[in-house]
Each structure stands twice: as C-alpha cells, then as structure tokens.
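These are the structures, in structure tokens.
Each of the next two complexes has subunit A plus one more chain, namely subunit B in the first and subunit C in the second.
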Partner chain A sequence: MHIDLTVLEKLEKLSHLRIAESKREEVIRQLSEIVSYVENLSELDTTHLDASFSTLEGGTPMREDIPVSDTTAAPSILSHAPMSMDGFFVVPAIIE
Partner chain B sequence: MITLKEALTKSKEELAEIKTEIEKLARESELNAYIGFESSGEGVPILIKDNIQVTDWPVTSGSKILQGYIAPYDATAITNLKKNGMMAFGRANMDEFAMGSTTESSYYGITKNPHDLNRVPGGSSGGSAAAVAGGIAIAALGSDTGGSIRQPAAYCGCVGFKPTYGMVSRYGLAAYASSLDQIGPITQNVEDAAILYDAISGHDPKDSTSAEHERVSIAANLDGNRKLRIAVIDNYIEAASEAIQKAYAETVKALESAGHTIVHKNMQNTKYDIATYYIVATAEAATNLARFDGVRYGRRAEGSNLSELYYNTRSEGFGEEVKRRILLGNFVLSSGYYDAYYLKAQKVRHLIRDEFGAIFDDVDLILSPVAPSVAPIIGSIHDPLDMYKSDMYTIAINLAGLPALSLPVGKDEETGMPIGLQLIGRAFDEQKVFDGAYSLEQTINYKN
Partner chain C sequence: MFEIVIGLEVHVQLNTKTKIFCSCPTSFAHEQNTNTCPTCLALPGALPVLNIEAVRKAMSFGYAVNATVNQRSIFNRKSYFYPDSPKAYQISQFDVPIVEHGELFLDLEDDTTKRVGITRAHLEADAGKSIHEGAISKVDLNRADTPLLEIVSDPDMRSADEAVLYLKKLHSIVRYLDISDANMQEGSFRCDVNVSIRPKGQQEFGTRVEIKNINSFKFVKAAIQYEVQRQIEAYEDGYYEQEVYQETRLWDVAKGVTKSMRGKEDSADYRYFPDPDLRPVLVTDEMMEEAKKIPELPDAKVARYVDKLGIKHYDAVVICAQKEMAYYFEAMLESNIAPKTAVTWLTSELLGRLNKAGHDITESPVDAKTLGTLVSKIEDNTISGKGAKDVLDYMMESDSRDIDAIIDELGLAQVSDDSAILAIIDDVIARNQDKVAEYKSGKDKLFGFFVGQTMKASKGSANPAKVNELLKERLG
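The block that comes next holds the complex of A and B.
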C-alpha cells in the first residue's frame, strides 16, 4: 500500500507528532516501503487461527482486587515532573 | 576483567577497589558505553541498560524526551540483583527506546565496538555489550525485544541471553513492546550468564505476565557433558555472509565432535517473521509510548495550549526511528487497517510458535546465526527497512517467547570481527540452552 500525504496527516494526529516539512517526502517513502513489505503476510493462510496470542499458558492471571500503595512514588514523581503544584501536575489552561 | 563468578568471592574492600578501577577505565574509555556512573546497593558492580529503573537514577531510554526524569523505584530485576551480592553501577548506552540495531540512535551519541572503533557495537543494548567486551564492566543487564541482547553480544564477542518470556520480571523495564520484551544478562562467558540470570529471574506479582514457573539454579546444574539433539536450519543460513556461513559450518562440526547429534531442518522464510515483528512491535510501541506527553515525566516543550504542548513535546523529544515506529504502529492499529495488519500478524504468531514447536518435538536445541553479517561500519545503514531485515534471525524467538543464548564462536578472517551464533530452546527449558552453550564454549575455546 502507498502511504500518501492524507494518511501521513492522519497518522501524525493519532501519534501527536509533527513530521518536519523537509522530512515528509522521505517519511512517506519509508513508510510506504515498510508497509508494502509487511504485506507479504497475505501470502499465508491464517483462516482458522485465533486473533489473540499469548505465550502465557491459561492467559493473563486473575488476582484479588487489593490496592497496592507505594507512598514514596507519588511525591518523587511529582517532584521531578516538568511542572507540579499541591500534589497535581500543572498543564496550560484547558478551559478558556 | 575479573569474571562475575570470581568477583562474587571478593570481600567488600576488594570489590570497592574493583569498582573504583572500573570507573576509572570507563571514564577514560573511547567506547561511550557508559552514559552515567550512578551507584546503587552493595556488592559486585553490574552495568545497567538505561531503560531499567533504579531508584533515584536518571533512567532515560537513551532519549531526549526523558531528560529530567528520575526513577522513583527499583525494577524487580534490580531488587533481585541486590539480594544476590550484586549492585547496580553505571548506565549503559542504548538505541533510543531500544528501537535499533546499532546504538546509533541514542541521545547520548554513538557507542563504538571495542574490536574496531569504526564499527557499531550492535543494538539496542550496545553499551552493555561494548562495555563487557571492552573490559570496562564485569557483566551487564540488557533488554531483548527482537534481538537487542543477542545481536550486540554477537557483534562484540560476548555472551548474551534472552530468557523465556515471563521468566524475568518486566516490572521497571521501560516498555517498548510488552509482549516481546525481556531483561537478560550480557557477560564474559556462559557460566556468568547463568549466574546473573539466576539472580534476576523469579516470579513477580507486580508483572501480570510473569511466569509462575519453578526456578531451579541454572548455574549450579550447568553440565557441559550432556549430549543433545541440535537442529540446524539449512535454508536459514543462505542469507548470511560467507564469514557467518563458514563459522556456522565449523560450529556444527565442533558440536558433533563434542558428541551432540545434528539434525537438519528447514523453517519458513524469515520475511514473514520480519513482517510480523514490525507490525506487533510497532503497534505495542505506539501504545506504550503514548504516555510520554510532557505532563508527567521528563522533558516538556512549551505550548500555548495542552494540544500544542503534546505535539511539541513529542515532536522535539523523540528521534526519527522512534517517530517512524510510532507512526507505523498507529497505522497498523488504525480503523480500516487493523484487521489486515495487526490481527493478521497476531494470527501469524501462532504459525511461528507452532513451527518451533514441531521442531522441538524432535530436538533439544536449534543452532542459528544471530545476524547475517559481522558488525557494520558506523553510519553505513541508511535505510530503515534494511536495518529491520538484519533482525531476521533473532525476532522469531521473541515472537514465540523462547529462550536463546548468543555466544562467540570465532572471528571473521577479513575484518577480525567476532561472530556469534545462538542456541534456541523450548520455552522454560533454559537449562538445556545453557548446557549446550557451555559445551560449545568449552569445545571452541573462543578468545577475545
């Protein structure tokens, strides 16, 4: 499949990324090549195979719903966050 | 450099001297294998890849976006290390977010191969492998999502082990592709790898994918005299360089001379493994790396509103390869393409695992190349797809969740660069992998 500018713009939005103008053509070419390459999987018959995969026998284990609290982690994370105040992360105003 | 086994017999005072000496050598080194000299715990110093959490260390996954981040806790592998006479010392350079095969994509610059400073050490655990091979670390921890422990170990002439998925806790490992990632040892020899693996392995309730499998000490039971049935994959080897093919043929002879039985097998074209891997890994990466938004961790780029803050932080903070994989991952997960790409790849994982299963019904181990060539010259790989294709021998093992150990078997006559091969085992059959590798190591007697 060929990735075009419209698809790239959609992917940038989904990824919260902006690709610099000078790189866009190159990125489109690289993504197109990679996507075309991975399409080789269509040569394989997977009709009867499960779409979920896990190497864990019996799937992900269940556990009791008991809260685990590490009281040291939160203050440490907040103190090293780009901006925090009164136990909260600070971001630009969301409501104008 | 002193081996891990020997270092574990040293007194506190002797270890303090060894650590001082390592720091001195590492600071003088041209390799750029260490990106920090932080220290945590007491015991034998082990170099830690920059994506494994150690309390109060800057742990940055080799990325600009994590500058300023300080780890608030120890990864379980680190906790286990400290319980077993070892400590964390120094951060090892790596490809940004473990996405790469050369350690050229790190925010901290290129790491060099100790055998030839013009060549890459491999990646993504390039700093770990270069330091061990370069005599500036006793042993190191790396992580392996698609070959990131085994390939740099092969390029640098040391031993690297990727455990069965679930045997080492992923708690505290910066997630790249959660269904593939494993922490593992990079060491000077097979026995050290077993010792370090034993130390970090264990069931962990903090990792829901941690296997509740019984752990028996591999190192204590290491047996180089055990005779094994080992498969060689005849159609795999054609794609490798002449030097790798030659080393492979000589290794097969060495295994036979050591009394092992060689069985010839074929496997499906590795192009399907590559395709499956780059769909699954990028899909998981796009999801895992969504958390880096400039709000909670690391570096924030300013923006006039929250959306601009996200865009600016991520666009400035991530390098090119990471951006490419996030875009790809969001492509294969996006509406309209999800079934054709992501679900298709998940289905193919069953085929890959079943194919290994069929071979392991007949044999104990598989011998395979690790990479199709020796370590390339720095800057020689320009095309991302070419780099992805060079992972052809390592990624199927991660997709199937199997254990595999890479060890040096010889050197390329033309370049003098080390050649590593890997032994792959059944899930949870690490003992046979180590026994086979121990036997091969003794038979070949490789010298760096």
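The block that comes next holds the complex of A and C.
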C-alpha cells in the first residue's frame, strides 16, 4: 500500500491526530515502512480459512447473567477524568 | 413510475439483567455512571466476558424467524470516535453473525401475507448517552455495553406501509419472545431505514440513503414518504447523481424533513477486524436445543385461532398482534364462552371503552377472568347483552368485581322464567286486542310490535329469545 499525503490526511481524520507540517515527510516514511513490514503477512495463503478462524482452541468463556454492583469504580474513575460534573464525564461540545 | 425499495435495521435492546461483556446491572440507575465498571469504562487491561443470556436471547430470535443459528460466530471491533463510546470502538459481529437467513411474514390488508427476508441478526454493545449543553457535552455511561441485537432485513419492502407492517411484526415477535421491552419511545427498539428508488423495471438498485434513529411507527412512515419524494424529485429534475448519494440522514421531527448528518466526503470508515479480546462464540448443542423452546408466536396463533376457534382472520390478526391482547383473550376463554362472543366483547366492547379512556389493554381496569365471567352470564341467560354492557360500564368506573352483586344492584337480572314472561305477554295481549285481531288476519309484521311491547313492559329484563318463543305460542 502506497502512503502519500492524501492517505496521511485521511489517517489524521480517522485518528483525530494532527501531524505537524515539519514531521509529515518523516511520518509518511515511517508509516510506509510499517505497512510494508506487515505486508509480509500477505504471503500466507488464507483462502481456505473462514472468517471465524482462530489459532486459539475453544470458544470465548461465557458467564451467567447475574448482576454485580460496584459503586466504588465510577467515582474514582470520574475523579481522574480531565473534566467531570455531577457524576457526568464532561467533554467539549460534540458537534454533529 | 418508480419502485421504492426499503430495508430496515432494528436495534433491539435485550432485556438481560447485566451488560453484554461485564456484570454491571442494566436496570435503571438513579445516578449517572453508577452502573459502570472498569470493563464498560474501557480501562486498559479490563477484559470482556460474554453474557450467556444475551447469546440465548439472540438464538431464540433466530429460531423464531426460521433463521440459521450459527454455532460458531465471532465478534469484531468497529472503530469510531465518540465520547459515549469509551473504547473508541464498538464490539459487534461483522464477518460471522450469530443469526442469518431468516424470514418473517407481513399481514397485508387483503388477508394475504408477504415474506420479508431477514439478512442477519447480530449481537453488539450499546453506547452510552450524551447530553449536549452549549459548549460542553455530558456523558453518562450507564447504558454503555448494554446488549443489543441488530436485526437487518433484506431490501424487500416496497412501500412505507410495508415497512411499518414489518416493524410491527418484528416488535410483536420480540415481545412474545420476551427478549426485549421493545419500547420505541424509551429507545429499546430503535429503527434505521434504508431507502432507495428505481424506475419500474430496472434491475439494479438505486442509491440507498440511510435514515437513522426514528422513534415511532408514525415517524417511520413520514420519514420514508418524505425521503422517497426527495429522491423522486431529484430524479425527475435531473439532479439524481448530485442530490442522492450514499449517506446517513436524520429525521427532523419538528420540520418533518430528513437532513444530511455528515458531508459526502466524511463517509464512515469503521475498519472492522476480529476482536482479539474475544475468542469465537461457540454454542453447544444443548444451548441450541434449549433456544428452540419458544412460545407460540403470532403467525401460529392466528392460524390456530382461525382453524380451531373459528375466528375471522382479520380479528385473529388484531388480537395476536399484541402478546398481552392474545393472552387476555385466551384467559377469557377459560370461562368456557364461545370464542366468537369473546372476540366481540374484547375487541369492540372492552377496547372501545379502553380507547375512550386512553388506556392500553395492559392497563385495563377489568381483567380477563372478570370479562370472561360477565360474558358467560349472557350465555347462560342471566343477563342480556345490553345488561352486560351496563355491567361493564359500571366496572370501568368502580372497583367492584362481584358481577352477581352488580347485576342485582343495577336490576339487570334477566327474566327467563316462563310463567313470569307469560304474565307480561298476557297483559300485553289483553291491552291490545285490536292488534291481535289484525295479526291473526295476516298482518305478520305486527309480531315485532308485540315483542317490543313485552320487552318494554319487562323493562328490558325479559330474555328476548324466550319472549319470541312464548309469543309465537300465545298468538298461535
């Protein structure tokens, strides 16, 4: 996959990150290296495998539907949030 | 000219006690963010563990719509940023859903049915809620990771009315299965509509536009009608390519229009991939057998009511559309009354009064056993149909459910005793000798006059069938 400025701009949008003008060339070079490294995986023939294939044995564990209330987690997490108010997490206005 | 093509995606909130990937309660919390834990708040290192009950409910839905239930399905990550989704991805099923290739049947007005395919139904986690206040948005994650079943139809609907019929049928099935409260206003049954048009005869589908989160059947119809009109106008004016493109629109309730949610360039890119935190969902044979045990569903009920109880198809469809109504009807029949009579008393008499009072069948002040008993009093000639209506009116306004006592109080007991009725008849005959003579000389129509006079003299308490019989005897 070829990474150019257009792809970088799309990635910035998807990741909500902004790459400084001075670093764009460098980031493009690094991303290209990473992608070509990962492309090694394409050598593996996966045509006979279905989408649910896993290298792990067995299925995901399941639990019974029994509620457990832990009221201590939220206050502690909220206190670490950048901004919170009346038990809500507060974020800059979301504009649709 | 144009054919309308509609497909629907419905998000059903499953009524499990806990969230899909953690043991946090799904019950109503008085305070925001109290039904949360490290897993649903997406703290690093916290791992999801699947709720088996959510899987069971999804499977029972699968069997209810004649679908394939996959013994092996997988969870994927759907990536997007939004503050009410703390993971920055939604855990959903993409490549292999738990349910696919199902169907349901719409009851059309002409008593025929139309098959609609169900492409798939997959499990996924709900997002939290955000409240927008000026420069900030407040986020409550109590709902985050509540289990959802997303049910996707084939693009088989051809009108707004069919779309509404599909939703109503789906709603009914989900309620019968008791897998969701399915309350549209409260958001436990949410609907996205995909709409496109194509000139009649064209094979390829037109460009489909998605309308998101419409919260009533009425709005679904209005949104589709608006959107279809918009697309047709664009086509006829020659601007179809420019105006109609694959996008997500929102229904604006106040203005009655659909509005673009995001620009053409910003189409979503979810980068689905298998969630490495969750191995495949493997369902045991025992779970498959267990999930097949589902209650009698509306289609089967309608067929049974028509075949075994001799009820009209239309009436059966009306009664079976709502689980509570069908169960009410069946409870009435326990009083050993004729099914057809029960239909009338349920659908005309009771529902008529409930509608007037603004009540739903679930809020009926008169329960099924009481109404069944009341109807049985007509069938055993204790009271007339008219009298029973008076009793029902009385009960709508009072707490008394002692039907015999009410009949006494209102003086509605019907006289079926031959001698009592004959005494009245003889009196009527004595007072109307001229009419008797006319009747005997061939004026048959006067029979109705005698019936009327007798009923009137008995103040409506005489059993009409008896009156007819005895009058015939007396008048010869």
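Assume the second predicted complex is superposed on the first by the 84 of 96 C-alpha atoms of A that agree within 3 Å, B and C clash if a C-alpha of one lies under 4 Å from a C-alpha of the other, contacts with A are read in each partner's own complex, and residues count from 1 in each chain.
Everything below uses one rule, namely that a contact is a pair of C-beta atoms (placed from the backbone, for glycine too) under 8 Å apart; a residue touches a chain by one contact, two chains touch by 3 or more.
As the structure is a computational prediction, the values presented were derived from the model and not from experiment.
K.L.:
Of the two partner chains, subunit B (first) and subunit C (second), which one does A:60 touch, if any: first, second, both, or neither?
P.N.:
Both subunit B and subunit C are touched by A:60.
K.L.:
Once chain A of both complexes is superposed, is A:71 in touch with subunit B (first), subunit C (second), both, or neither?
P.N.:
second
K.L.:
If you stack the two complexes on chain A, which partner ends up touching A:92: first (subunit B), second (subunit C), both, or neither?
P.N.:
It touches subunit B and subunit C both.
K.L.:
Subunit A residues in contact: does subunit B have more, or subunit C?
P.N.:
The partner with more contacted residues on subunit A is B.
K.L.:
Show which residues of subunit A both subunit B and subunit C reach, each in its own complex.
P.N.:
Residues 10, 14, 16, 50-52, 54, 56, 60-61, 63, 68, 70, 73, 77, 83, 89, 91-94 of subunit A touch both subunit B and subunit C.
K.L.:
Which of the residues in subunit A end up touching subunit C in this complex?
P.N.:
Interface residues on subunit A, with respect to subunit C: 10, 13-14, 16, 50-52, 54, 56, 58-71, 73-74, 77-78, 83, 85-94, 96.
K.L.:
Could you pull out which subunit C residues touch subunit A in their complex?
P.N.:
Residue positions touching the partner: 16-18, 23-27, 31-38, 41, 43, 49-55, 72-75, 79, 81-83, 95-96, 130-141, 261-262, 266, 269, 271, 274, 278-282.
K.L.:
Considering the complex alone, what residue numbers of subunit A touch subunit B?
P.N.:
Touching subunit B from subunit A are residues 3, 7-8, 10-12, 14-19, 23, 27, 30-31, 33-35, 37-44, 46, 49-56, 60-61, 63, 68, 70, 72-73, 76-77, 80-83, 89, 91-94.
K.L.:
For the complex, which residues does subunit B have touching subunit A?
P.N.:
Of all residues in subunit B, those touching subunit A are 68-70, 72-73, 165-166, 179, 205-206, 208-209, 211-212, 271-272, 274-276, 278-279, 286, 290, 293-300, 303-306, 308-311, 314-315, 318, 320, 323-324, 326-328, 330-332, 334, 340-341, 343-351, 353, 383-385, 388, 400-401, 427.
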